[in-house]
Every structure is written in C-alpha cells, then in structure tokens.
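Inspection log for the structure reproduced underneath, given as structure tokens.
For reference, chains read A, B, C, D, E and F in written order, and residue numbers begin at 1 within each chain.
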C-alpha cells in the first residue's frame, strides 16, 4: 500500500485538508494520504520572505515524518524541494513542477494566472529552472487578494475565467494553470468556459509521486540529493 | 477502468509484448493494456529514415484504435507524438519524454546510454525540445548492435554497467537512462552496480498516462493539438 | 551541369510545377530542375498528422530518385529533412530553413505570416531548432483557408499586406516570411507595400543547394547523416 | 558615512569576523562594517538542507537590523537574497553574485573550485540564474572537508593551486573563483602560482554595495522586491 | 590614490566633461578622474557605422593613456571594450554593462528607453551577450533626436517619464535604464515620477571600476584579454 | 552580370588575391569579383585590438566602393559586418557566418580549428550570436603561428589533420571549419584524411551572396540596417 505525505508549507489547516482530499481522490484505491502543515509560519505564502520561513519548515517536517513512500510539497512555489530530496530516499514531488509537467503533456503553450504582479518574476524563474520557458504563453495577475477568492465568490471565478479566455485568445494558451489559490470548483468552471485543460498540481502531483514509487524509482542518493554532511547545528530546539 | 493502448512504433512483436507486460506491471490493479505494433515498417528504429516510416504508422494506429483512455508511444524517439495528440482527445505520452521527466524528479543530472554514436545529435535535440538540456550530464554510445544485446549476453550488461559507472564518476550523473535497448534485467543490474536510479520510460510513462487520465486531464483540442483540418488525401488505401 | 530534384511533400501537382519554375528561375543558366511530388498523401500540409505522412513520402522519393546533385524539400515545415540527408550524399536543403537563413542575412528581425493559429507552436519549434528564436519578431496567422488564397484574390493579398505592416510597425520586423501559401505575385506586392524584403525559401533554397554543390560540399556521411543501418523492414511494397 | 551590515548566514563566528575584516579593508576610509551571524543554524552550509535553515535566519536578521545603508549576504550560495531585498529598501548584495560579476569584468571564462561534487549542480543553477553559464569554464571539487582546509594546511593550498592550473590549462579559465572556503592567503597563493585573477566575493561585494549606495541606487519597492503583504504568521517567537 | 580614465568614444567634449563630473561625484574623496574623447569621429554614436569608427579610437586612446588605475568606456554600446581589455592590465568597465549590472542588483526586471527603433536589436544583442535577456522587461524608443533632448526641454523629460510609466505598468519593469542620452536631471525626474530606480552607467560604472581596483582585481592577461600578438601594421600614422 | 566586392579586412594583399580567386571559382561563369583590402591596418587579425581597426576600414571600403551587387567580408570574425549592412542596400555576407551556415546544412555537429587558444571565447560568442552554439562540437587551437602555416609546411597540414581526427572521434564532429588560416590545399587534405566536409566560408559565402542577389533579396533598409543618421564627424580626412 502506497503512503503519501502531503506537506502544505503554509499554516492554513483548512487548505491542508482540502489538498489532502484532492490528492486522495487522485490516487488508486487503497492508497493512504497523510496531510500535514507546520505549526509555525505564514498562513499563506505570497513573498520570498514568506517562502524562506516555509522552506525551513518543510525540511523539518520531512525529517519528522520519515517513513512515507513519497512526499508531495503542496505550495505552488515548491519551497524546500531540494532540501526535502536530500533528507529522504523516497520520491519527492512539488505541485508547481507537477502542474507544469502536466501542461507540457496535454498542450503546447500554457498560461498561468497568479494572484499579484509581484509574483510574476519568481514564477518565470521557476519555469526557467524546469526548462519550460518556451512553453509558457504568459502569466497574468488576478489582482484579487487570496482572502477574498474562492468558488463562493462569483466575482473571483468570473475574473479568472476572463483572464483564461484572454490568455487563450491573445497569447495562444491551450492549457491553463491556476497559481492564484482557486479551488477545484473554480478549476472546473474555467475548464468548462475557456475550453482548455486546467492543470492542477495537487492531483497530478499525487499521481506523479505514486507513479515514481510504483516504477521503483527513488530519489538518487549519490550526489546533489545525497544525505547532507553531518554539520554541527547550534541553537536549534527539538 | 483505465484502458491504455501501448503502441510500439517498430514491427518487433516480441518487443511489443515485453513492453506491454512492463506497462501492465506499472499500473494499478484492474487497468488494461493493449499492446500493438504496425504490420509494416522497420523491425527496429535506428535512424531518421526508420523514424519517419514509423511515425506515419503510429498516427495510423491511433486512428485505427480510437477508444482508449490514453496512449503510450513506446519508442525512445517518440515518433509521431505530436500527430497522435492531434488525432485523439485522450492523453498521449511518449516513453522518451517519460524517462527524462522521471530523471528530472529523482536526480539533478542524468546520463544517457545509447546504441550508436550517430544517434547522439537526435537525442540531444529531443532533450533540448523538452527543455532539459542543462540536466543532461552526457550521452555515451554502447557500440554493440541491438541484435547482439540483452541480459542473456553478459558482455552487453557489463559494458552498460561500465558506461554507467563512467557517467556517474566523470560526468556527475546521478541517474541513468538506457536508450540502448536494454531489458528490465539489465536495468536492475545497472541500478545495483552503479548505485543510481535507472529511469525506464515504459513503466513510468504508463504511470504518467494513468495519472493524467485520473486527474481528468485530456489533450487540449483548441490549438496545436486540435483535430487536423479535413485536407483531401490521395492514393491512401484503407 | 547542376541537376536539382525539388520534392514537394504534398500531392498538389499544380503547386509542384509552380515551385519548380521558381527554383529554375533562381538558378544560373544551364541548371536543371526536376520537380516531383508523392502520389499518395495530403494535398496540403496543415497539421503534424499531415506532416508525418508527407515525411515518409519524401524519404521514399529521395531513395527513388538517387542520382541528383542536390535535393530541395519544398514545404515550409521541412518534413523528412533529416531522413533525406541520411539517404543521399548529395546536399539536401529545406525551404523553411532557407527562408530563415535568407532573413538572417538581410535583416535583424523577421516576421512570419502563417495560415492558422494552430501552426504557430510548430513554427516556433522550427525556429528554435535552427537557432534563430531571438531573430523572430513575431508570427501572426492569416486566418484565411489555403483554398481561398492567392494573387487572384485581392482580399488575401491585402490581408497579408496588412499583417506585414503590423509586424513591421509593432514588432520591429524588417523582413517578412510568408508561411501562408502566398504566391510570388503576393510576395512582390507585400515587398512593395510594406517596404521590407520578403524571403522566399524556394528560390533562395535552390540557390543554397547550388552553392553547396558548387563549393564541393556534400552531406556528411560519418555520423548522424550516415547511411541508415540495414534494419529489416516488413510489409513494405515496392 | 556608509554603514554596511555583513550577514554571515552560518553560525561560525570566527568566519564572520574574518569576512567583516575583508569587507572593511575593501571599503574607503570612514566606512563602517557590522558583521553578524545568526545564533541558530549550521556552522557551515554544505547542502540545501543547511541552506533553507540559513535563509530563514538571514531574513530574520535583516528585519532585526533595519537601519543600515546596505547589506552583504556572505555565503557563496546567497541564501535568502530575494527575501532580504523584499525586507529593506537599502541595496542588498550576495557574495556569490559578486564573485561572478567580478569575474565577468576582468576575464572571459571563469573556473570555480568547490568543496564537494554534490554542490556542483546548485552552483550551476546559480550561474544559470545570474545569466553567466556561457562564461563558466568549469567547476571542480576539492574533495577536502572544510574542517581540514586553510592556509595553515599546505596540502589544501597546493591542491587548490593544482586544480586552478588544470582549470586554466584544460578548460581555458582566465579567472578563478574559490567556492571552497579558502582564506585570503590561499587566494593570494593561487593568484601568484596560477597567474590569473582570483575573484573574492566578500571584498568585491562590499564594493558593489558601496557603489550602489554611492550612486543613489536603492532596492526597487514597486514589484517583486516590494515589502511583503502583511500575511498572518503563527507560532513565531520574537 | 585611484586614477580613472573616462573615455567618451564620441567627439562631443561637452558630453565628455559632464560624464567626467558624474564619475567624479560617484567616487570616494581623493580619487582622480581624467575625462577624454577622441579628436576624430562622430559627435554622437547612433549606428554600427558610427560605432566601428569610435571603437578604433577607444583602443587608440587606451594605448595613448597607459598609466591609469582603471578605464571607463562611457558610451552605452561599450564600443571597443574587448580591445581595451587586451591593451591594458588595469580593469576596464563599460557604462552599458554597468547599467545592466546595477539594474540586476536592485530590481528583477529592467526596462530600457532608447532614442530610435533602429537601435533596439543592437541593445538586445548587448543584453544577450551579458546574459541578462530574461531580466529585460522591454525596450522602447523615444523617437526624439538627441539634438533636441535634455532637461531644458520639458517635452523630452515628460516623454521619457511617460515611457517609463508604460514600461512599469505594462511590462512589469521595476527599474529603468536611460539609453537615450538623458541627463542626470532627467534621471532624477523619472525616478521621482515613475517611482523606480533609474540605473546610470556612468556613476555606477565608476564605482565598479574603483571596486575592482580596490579589491586588487586586474584584467586577466593569460588568454582572451592577453596583450595582442605583435602583428605588423601598415599605413598607420603616430 | 553579378559583380561581387570581396573585402579582405587585413592588409595582406597576397591573401586578398588568393581569396578573390576562390570566390571567383565558386561563382557561375560570367560573374565578376573585385578583391580589395585596406591600405592601413594589421596584416593579419588575431585580437580584438586588430579587429576594431579592421572593422573601421571595412566600413570605409564599402562606402568607397558603392556600386557592387553584393559584398563579401573575408575574415573569419566578420569585422564590420553590421556597419557594412547599414552602408549599402546590396546584400553583405561574412565568411564566418557563411562557414557556420554551410556546416549546419551538411552536418549535425561542426568542429572548429583555430590558431591560438586566446581566440576561442570570441569564436564562441560569434557562434552564439548566429544561434548555432548547440551545433558546435568543439573548438581546438592549432598553436602554430600564422606565419609558419600553409600547405607548403607539411607539419602544419598534419597537425590540422590530427586535430580534425580528434574532433571527429572524441567530440562527434561530422564537419570541420578551418578558422586557422589554412589554404585550399590544406582543406582538401583534411577532407580526404578525416573523411568529413570542410566548410570554406570564402567559396560558400560567395555563393550565398550570389544566391541572395539572384533571389532579388537586398539588405533591409527600414530598421537596424537603415542608412545611418547623418551625424557630424570631426577630424576625418578623405
């Protein structure tokens, strides 16, 4: 039986639970998903300053939860991904990379909808790092704060749909990625109204993690992802 | 129940069956794999001239087998992949791209072992196209004809192991991809002796196809992968 | 005397003849051009599915016409180009690459006009592969079906001229490439009205092939373009 | 008077002091350097797992030390650099980027000597991110643990000199960067014996920070480096 | 005492003096700046034809002024930079590269305002060569001749401000570079009204040159920047 | 009748004549080649310092010889190419770009043999600028001064052959480019003994220039290559 640890890097437990459910739904019967989040740090991650705090917490959680078959880091910026891979021999997948890989398999050009303009450079850097810059048709900001979003807010959904239509018509996007906190309901609405696949990193990322495990693939321990050298640490509690 | 069509682009039925078995083993219980190959064309694919014949056959087979949940094109060069995606709304995965994606998830730098030096530029172009050139530590040729390879030939296995060790030690590869026709037995031997993951595109590609389907993702039909314009064809039989 | 085989990958004989004439006009006196097309396959090529059929036919035609001094593959997507180079020691040129090379020699930034939006990603991939992505100012679709185009249709010509003016004014294109089936008459009209060179791959490609031959350059046979390994083929007639 | 805060991301106070001295020596008379380090975290940084802990500490220190004219993050991997830039309007420089910029101004191709092979991919990613991959002649590992290095250990110095000579002779490096913990004495010995500039990020980075400040340049606060949104944090002490 | 030779590649002495003053103001007390220009060549540089004449003059001036601690080539296109580095062991900095480096340190995405559209490709090539293409948010032309510009012409300033606002709002630029001949007064006005740093290559370039010198870094003389081979020259006077 | 002006940027008249002959031999009967060189400047070009002097002379010669159908700049570094294109509406080709384009048409990976290691970075920059970095298998130095080379020196020829064999065997080069001053005799010997095409920029470049002219293509005059603005020049004689 496959046991996945989903780590939400922020401290919003409601979000942790929702993503745990999405991951569970994406896996074959009999798989087990444990969804956790740190007990310290930001309730959502909207800056590099938030991200460095969250990355350290992700690494600590991987060490605290050592016996899983795979790990899914469930924040679009994939904070702490390389560190997590050093700290376990199980496969580790980030939902950001999962969303981009999904898009690259079902479409030629993906568009990304994010929350705020300030996030665009970091998203572009992530897409560069994964090698898919030439596949990105554009990134546009929603300009609605996370706290006001959701499928219960028709305005948010219709704003996302409008941006999706623009990315499809003007930028040639034939797939969309919601990096703006939209829920599964929103994704479905966008898919229906824009007519292109909406690539969700949580469910596809859970599938990737399972597929790696099922194919017998584990994180390489011989070089960059080897266990860290035993450096002395000071001042750490626990 | 998930039904996968595995299309071997060459006409070697023995190889078709073996890959069908590997795909089946990689999928959850209850999934179905139909493994087919064209009845015309090369028995193996070792040149662009072989590949153009095979690509046309792959496209024809996708049209001839319309009702599957996903398709896996089971030749390392992924011949006919874009055409296949135009011809179905189901997800289509190539084993070449699957192997590279697997390697990018479990290691920082992959090495590739191919059969002949002549294939290296085409492999590099494929890696460029998928955006992973900076992750490739090197490509080395085995220089043993396909006909003489296999786990029954200890020399082949030991030659592959030796090349894998060289890629790890000299090029910093922390994962390997066998684009040289090696069997599952060879992969296991290499993994054991070199100590790095060997990424097999057939089993992980089957997993990718299943994960896309399970996440509700279908090939986008709005732009590049839309159904082809109804151009008149002449001289085609059947 | 230089003997060029121009291979039109589609089955439109009228188009074959027109391109044969353009190639002939671009070569020095005394050169000979044989213009052929397959007797099976699509009458025009507007998708990857069309292209894989055409590529296999191109390869077969090169083998069927072995004694020419050079070959020109006369379809903008250059289908079967690598295969053709394996199958002969004579130089082989594609009209797509020829058009891009011409533009790179007479201008800093070229714009491309294509027929349908769906072709844009494949054109971008071709430009990437030839290394000229940074020289491309933009690709815009004409959105008029091939069947309705031509110099006899003033609307098509004026639509192409309008797109050319937009590429020059808004995108900074100082050369244009018509990948939308326009004839020589259209090209002249665009050149006159937009005021920038229009780079035609058929006439310049014929010149490239002749220049290679005249300089004593033949396709390298030592590595990627070496004659294919003698793989057994099954089910092929003739 | 220019006041620089040098932040050593690791907890080795001896190293903090030494780097503070180097920065002071590189600045004009009358400048002030405060050198600090976190009181928790690794004593040296040799993995991504170490780095995520250190990055969070760097961000906290910038917030705790708000009134400086510029900040220098003094660890080769530049941990927390983007976060630090969000948290202040003063200029922030990393010693890794400083070393690469210095090399790009005095030479065509730099070579990098690092401690362990495992660090090479992360160094390559950093060089990619800064846009200087084509200027990098190679990265080679010293394979001597940090604890055993130093100018007091003649073997370390001679090993670094030998690697430097190899990078110059075989890879064409005409500048060197020591990312392997070497001291100023080692740098001088390498410069003398290899005959190429050795680019030190601490002294040049201090100069960069001063030059930005002196030119009136401050970190942009309008987009990616704007002050973080006021997200609620939980569980943080202090 | 640091002695900088600022070389204005054009023959406009008024501009030479103004840039000398800006460099002097950017350096610590006690530094000396000698500002010179050739006595032949174009009074401003607005084409490659102007630039090749100026580059030869820059090289001649470096040879004619051999005893400086560093050189600053004070024209945005950095004409003759590589030649100058061959002809001296002192550090040589160009104001174009200096402006781009400054922008990369204080912002994520810079916008460039140039004089004429014809200069955009050369600017893009310069940004490519320095590795910062992905950091460039856009380049827009002012379309006002140099002769009519200046802080004494309110129209020019307001046109530059308007373009800067457009680059910030539409392209996401969070820093600006004036490659359009604007003076220090204009830069200040743009900074105030657009709200982003305006990166001036003269003052920051002087700082870079000083920082290299202060860190003990000299131009590498072992490879590409080694003293030229003693080739015979004919027909040169003086 | 096609009239080509071949401009040798250095002042070696013997070399000018030899290249004029090679260009003439590569063109169809009835074409005319005028081969010229400046009367001031270096007798060969082996540094950036030589190159800036030569580039200014090339620009002056294009202006002094205005009535040709095309221009060929006959030095591997293509000095003054952009300036020349501004100064004429006729096509202008450089022999460096011609050699790379030829290689890209007959082979997958070219190797370059140059004279001295110091030239390698500039060659790599030229290959980058033309977009063919991924096609370059390697650049190796001959380390024999130009003055001692030639087909009359068996040692030089055999050294070039040996380097060519190494580039083919170890780097996978299937075409070679001699950027080391070798004559036509040497090229033939290398082609015979290494067994791969040797791409000569003079003869193929003449063919390129002729093909552009024959296809009616002229240098674009609307943007970057438009005639320079009429800037005042001072101190120029003649």
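Some notes on this structure:
Please note the rule applied: contacts are C-beta pairs under 8 Å (C-beta built on N, C-alpha and C of every residue); 3 or more make two chains touch, one makes a residue touch a chain.
Note that the coordinates shown come from a computational prediction; the quantities given were computed from them, not determined experimentally.
Under the touch definition stated at the top, chain E and chain F share these contacting partners: C, D. Among the remaining chains, E is positioned farthest from chain B, on the basis of C-alpha centroids.
Note: the chain lying farthest from chain A is F, by mean C-alpha position. Our note on geometry: chain B versus chain E, Cα centroid distance of 51 Å, whole angstroms. Centroids built from CA atoms put chain E at 27 Å from chain D.
Computed from the mean C-alpha positions, the centre of chain B lies at a distance of 43 Å from the centre of chain D.
Touching of two or more other chains is recorded for residues 108-109, 117, 120-121, 128, 133-134, 172, 223-224 of chain B.
Pairs of chains meeting the touch criterion: A-B, A-C, A-D, A-E, B-C, B-D, B-F, C-E, C-F, D-E, D-F, E-F. Residue ranges on chain D touching chain A, taken from their complex, read 11, 38-53, 55-56, 58-59, 79-80, 82-83, 85-87, 116-122, 125, 128-129, 145, 223-224, 226, 228-229, 231-236. The touching residues of chain F, when paired with chain B in their complex, are 108-109, 134, 172. Against chain C, in their complex, chain E makes its touches with residues 117, 120-121, 124, 128, 133. Contact residues on chain B toward chain A in their complex (touch as defined above): 26-29, 91, 93, 97, 101-102, 104-109, 130-135, 168, 172, 174-175, 195-197, 199-200, 203-204, 207-208, 210-212, 214-220, 222-225.
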